[in-house]
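In the two complexes that follow, chain A is the common piece, with chain B as its partner first and chain C second.
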Partner chain A sequence: MAETTPAFYLVNMFNPVYITSARAICAQDTFSNNNLPEETKAFEQNILNYHEPDYKKYFTIMQLRRMTRIIKIGLVTAIEALKDAKLEQPQAIITGTAKGSMTDTEKFLHDIVDFNEGTLNPTAFIQSTYNALNGLIALHHNANGYNSTYVHRGFSLENALMDAIMLFEENRIENALIGCFEEMTAEHYELKKKMGYWKNESMKNIDLLNSPTTGTIAGEGTFFFTLNKSAENAIAKLNGLRMLYNVDEALIKTTFKSFLAEHNLTLDEVDTVFLSYNGNSQTRHFEDAISQQLSPSTNQLAFKHLCGEFDTAAGFALWAGAKILQHQTIHPSLILKKGTSSSLKNVVIYNQYNGKEHAFYLLEKI
Partner chain B sequence: MPGKRVFITGMGIISAIGTGVGETLVSLRNNVSGIGSIDIVDTLLKTKLIAGEIKVPNDNLVELTGVKKNAYYTRTSLLGIAALQEAMQMCKLDPSRQKTGFINATTVGGMSDMEKFYFDLVDPTTKSNENGLADCLDCADCTEKIADHFNIKDWIATISTACSSSANAILYGARLIKSGQLDVAVCGGTDALTRFTLNGFNSLKNIDPSPCMPFDENRNGLNLGEAAAYVILESEEQLQRSGNKPLAELSGYRNFNEAFHPTAPSPNGEGALTAMQETIQMAGLQPADISYINVHGTATLNNDLSEGIALKRLFGENVPLFSSTKPFTGHTLAAAGAVEAVFALLSLQEQIIYANLNFKSPIPELGLYPVTSLQTDKTVNHVLSNSFGFGGNNASLLFSKYV
Partner chain C sequence: MDDFKKDLKLQIIEALNLQGMNPDDIDNTAPLFGEGLGLDSIDSLELMVLLERNYGIKIEDAREGRKVLESIDAMAAYIQANRKK
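This part shows the complex of A and B:
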């Protein structure tokens, strides 16, 4: 029996916000041309590590020596997103990260033991704080104003966006820099392996989506977006966002329908849907629940075979969705099932992380 | 933002000065500090440092909270459940009938427990993930454990902006109510004392090995503490439905990053000034209306000087009665904003102002004197609470008597 949506259920309607730039650094070379490369990279191991940019363009050797990996990646991504939007000082900086700088958390854990709790270098401790990147972006751009960091697994980027959306509605800001970042380390991979997060067999990433086994492959990614209250120079529009915590697939199904209905969309009108398939046989029923009700006109896309799985991987879909609407073309590596629709107007993203945090996004062409 | 008003109808707390509001109030009234020896955290620093440790071992917290034993509950989660249990009992709430969200804050999540088992867990040759322990390292684990315990699921978030984390959780919850996303927002923070954090602050050389002395000329750093505290926020319409009686109104708030330095505040107190000023403006009040300021007052050289300069810039010669309650609890990091929100609510309810313990002589550049003994004959209508953190993250909250 299908679960009905209770009368009190959340209706998170808001005025659309405009995405004026989108930047990505992940396992694919998404940074050089700010798009997926013609040939995406194939991986045979179960960790899809960053394709790192050339940092020397941005920082001096001295600066680089002090900065940890995710801080460098985060700063570069944010700098380019702001540059694309010709925005020097964003009025709000809000990020989402589930793990922050794992490298520094681990380093400090080791230092404590290795140096017997003696005189320790504080750098790792400082950089391990989850809002360290946020503070550095603010410093780098001399951007004082609203600043916050959400650290809730598959709801990190979503809460960062909702926070910004409310700031727009409160007439507090005209623009904002929003981002998410995550890294994977050898130790953290091991830790999650013990929880059964990963596939036991070594996996080619291109075969991931059809895998019959449990677990997934690990990834990394950093994504930054500038948002604006007005449509000027926008590349896409964010019309809707919905989070669902710890629900079953019946509620996912009904929420997907009501989410579309609230935005006056029929299933046929949705040209493109990102689905968060990650090859895990235990959670694919969630994506299946959406996929099965889609119209033949809809292009069904996947993305975690390209970037791997991490808490804030929805950032990849948001970046790729914005690019699809901006350039009016879908990169072939994303296509799971081609739809008959000839237009690219509406993009829905459905992402679930570890079967617990679920999110829907609705993007629209400008 | 004008429009909807947000009220506080419940509060709960556990810190080094007591389990629950009752014990907390007794300590606050009698100037009893919770700072002392470190007995529970396994750290070599226990021979050198003191802290505001809650003298309740995890086994007793399990009993106190009645959590299910088949999952791993870190100390951070257990403290959170212990505190929220009290808040939930204080008012009538039914998360299955009202749009209820849980906005939590923490700086190191489950590190309190993970640091004991970490090297075993990352060793490929050992297999030790009892009860899902390995999943407890991040900040979201405690939030989900607490939310699941109380069956809150309409909105879940965790904030980590260092020492201003739970102040930001409270203001985010208030905004979710005002924007109509939620009827009820359960907001606050939890941070257990860890070897990780003790060593972190020790490496920054800003821990005083003696009881901390906020706003004193000879202040020499902070004492760390552990705590969890939560407040329950409800909209005006929701009050009609729930019939809950407000403890106070959350009349103003402001988050402001001053973009000055990764770990130090600006010397002219710019961030603190803007946060306080705009919080008071939001409530439609004048600086002179503030009855009491619970300052951030960590007793580090930088914070107190910078915060004091901001006080003088904002209030001129008429700085309101103020005190730092950090000498009672220690600096409880992500929980501090919520702990001090509870203190603000108690100040309004009991019409008392707390002593700034250990104060002897004012900072020469400021000449500011905090309240040094419990005040019981003052009228308390509006309490301003400051939480300032690493990365330039400043937040202020304003609590007003319910009228």
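This part shows the complex of A and C:
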């Protein structure tokens, strides 16, 4: 098989966009208080499934009956993000997902086989399409503006954000709802296990970051953000985004420094860095390449031991980073290495998925 | 026939995921769509799938489909007269 040609994409300097709300549903109860709970949940299995909200507060039984799990979770997360931002009709709805509704996709594919390509249920087909959630959000909010879903594996969220950033740059929108969503089914877990994605041994999530073996633990997560062109009522500012595909750690190292330099930051001025350590001994060198450069003053944080690994897990760090800047405090469960600085003016996120898709984000305090 | 209608209602409840509903909640004569049970166009497709899979009945004509899916009574009568399995 021909080796994939290394390539990287750049998002050049753009005017900052402002995050006016951030919402998360994942394996931890991040939804009840829109923050990490005082005590995070410990898991002893290799799938960290959603902590689901009470859907009956949002939908009637007749509405609920057709929605599968990820559709309900996505819609509830989006509803609350819009409510927090006091935004009824976003001018753009842009999401990223690597797999969409796996439950519906699997049901539809099984039905094709079981019923010999005969008459198939429409509901599973409709909801198996990646943009089904976007459509429902738009219907729910009567929002008939720009609507798009990016399906780009480990770059799905980043491409959704990039699209929004370009719409802001072109003055086509003033606000947008951006999100990402992913679910893990038992069948999909088994398929990925055969591909070597997960650990063979049963793993406690709190021990994940020190694991000496290959593979990681699976997770699920849905994250929605409202973005605005103006700083009014913002909780954080997104000031930089860069993606790199299929590069080595040397380029990760140099890109990190140039990314900071482009935003007039030195290593000593970085207050907090999220690192995407996921316990996989084969990809740890990427995060190490960043960690080893950091100043003792910088807080080094991890997050995948709390939410598990999935294509759009960077959404967790983006949500948690915005919360850190909003509340000026770091939840202890995130801390990998505490820095000496007490300043919380900026948060850099470094995320890599499966050693191929790498992204840097820069968030700043308002 | 009453047992058959009860079975049919159970199949509809399962196919359409009518959570918390039981056969007694569905009136045999009430319209399934609109003001009756409140089903919609996607439900009508789901019911077509049910008729084909469970009874071997394939409805090609939309006008005929509207009559067949009018109520539980109409569905039950059509199935009894046209079922292939």
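Here is the rule we use: the second predicted complex is superposed on the first by the 355 of 366 C-alpha atoms of A that agree within 3 Å, B and C clash if a C-alpha of one lies under 4 Å from a C-alpha of the other, contacts with A are read in each partner's own complex, and residues count from 1 in each chain.
One rule holds for everything that comes next: contacts are C-beta pairs under 8 Å (C-beta built on N, C-alpha and C of every residue); 3 or more make two chains touch, one makes a residue touch a chain.
Small disclaimer: the values here were computed from a predicted structure and weren't measured.
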Checklist entry - Aligned on chain A, chain B and chain C: do they clash or fit? => result fit
Next on the checklist: Between chain B and chain C, whom does A:K194 touch in the aligned arrangement: first, second, both, or neither?
Outcome noted: first
Next on the checklist: Touch test for A:Q326: chain B only (first), chain C only (second), both, or neither?
Outcome noted: neither
Checklist entry - Is A:N46 contacted by the first partner chain B, the second partner chain C, both or neither? => result neither
Next on the checklist: Output check: A:P122 vs chain B and chain C. Expected answer is one of first, second, both, neither. What do you get?
Outcome noted: both
Checklist entry - Quick one: chain B or chain C, who's touching more of chain A? => result B
Next on the checklist: To the nearest 10 degrees, give me the chain B-chain A-chain C angle using C-alpha centres.
Outcome noted: 60
Next on the checklist: Per the contact definition in the header, classify A:T30: touching chain B only (first), chain C only (second), both, or neither.
Outcome noted: neither
Checklist entry - Does chain B (first) or chain C (second) touch A:L64, or do both, or does neither? => result second
Checklist entry - If you take every C-alpha pair with one atom in chain B and one in chain C, what is the shortest distance in Å after superposing? => result 7
Checklist entry - Residues on chain A in contact with chain B in one complex and with chain C in the other? => result 119-122, 126
Checklist outcome for this item: chain A contacts chain B in the complex at 8, 10, 12, 14, 93, 98-100, 105, 108-109, 111-113, 116-117, 119-122, 125-126, 128-132, 134-136, 138-139, 141-153, 155, 159, 162-163, 166, 169-172, 187-188, 190-195, 243, 245-247, 356-357
Item to check | In the complex, chain C residues that touch chain A | outcome: 16-20, 38, 42, 45-46, 48-49, 52-53, 58
Checklist entry - Which residues of chain B touch chain A in their complex? => result 1, 43-45, 97-99, 106-107, 109, 115, 118-119, 121-124, 127-129, 132, 134-135, 137-140, 143-144, 147-148, 153-162, 168, 172, 175-176, 178-179, 181, 183, 195-196, 199-200, 202-204, 255-263, 270-271, 274, 389-393
Checklist entry - Which of the residues in chain A end up touching chain C in this complex? => result 61-62, 64-66, 115, 118-123, 126
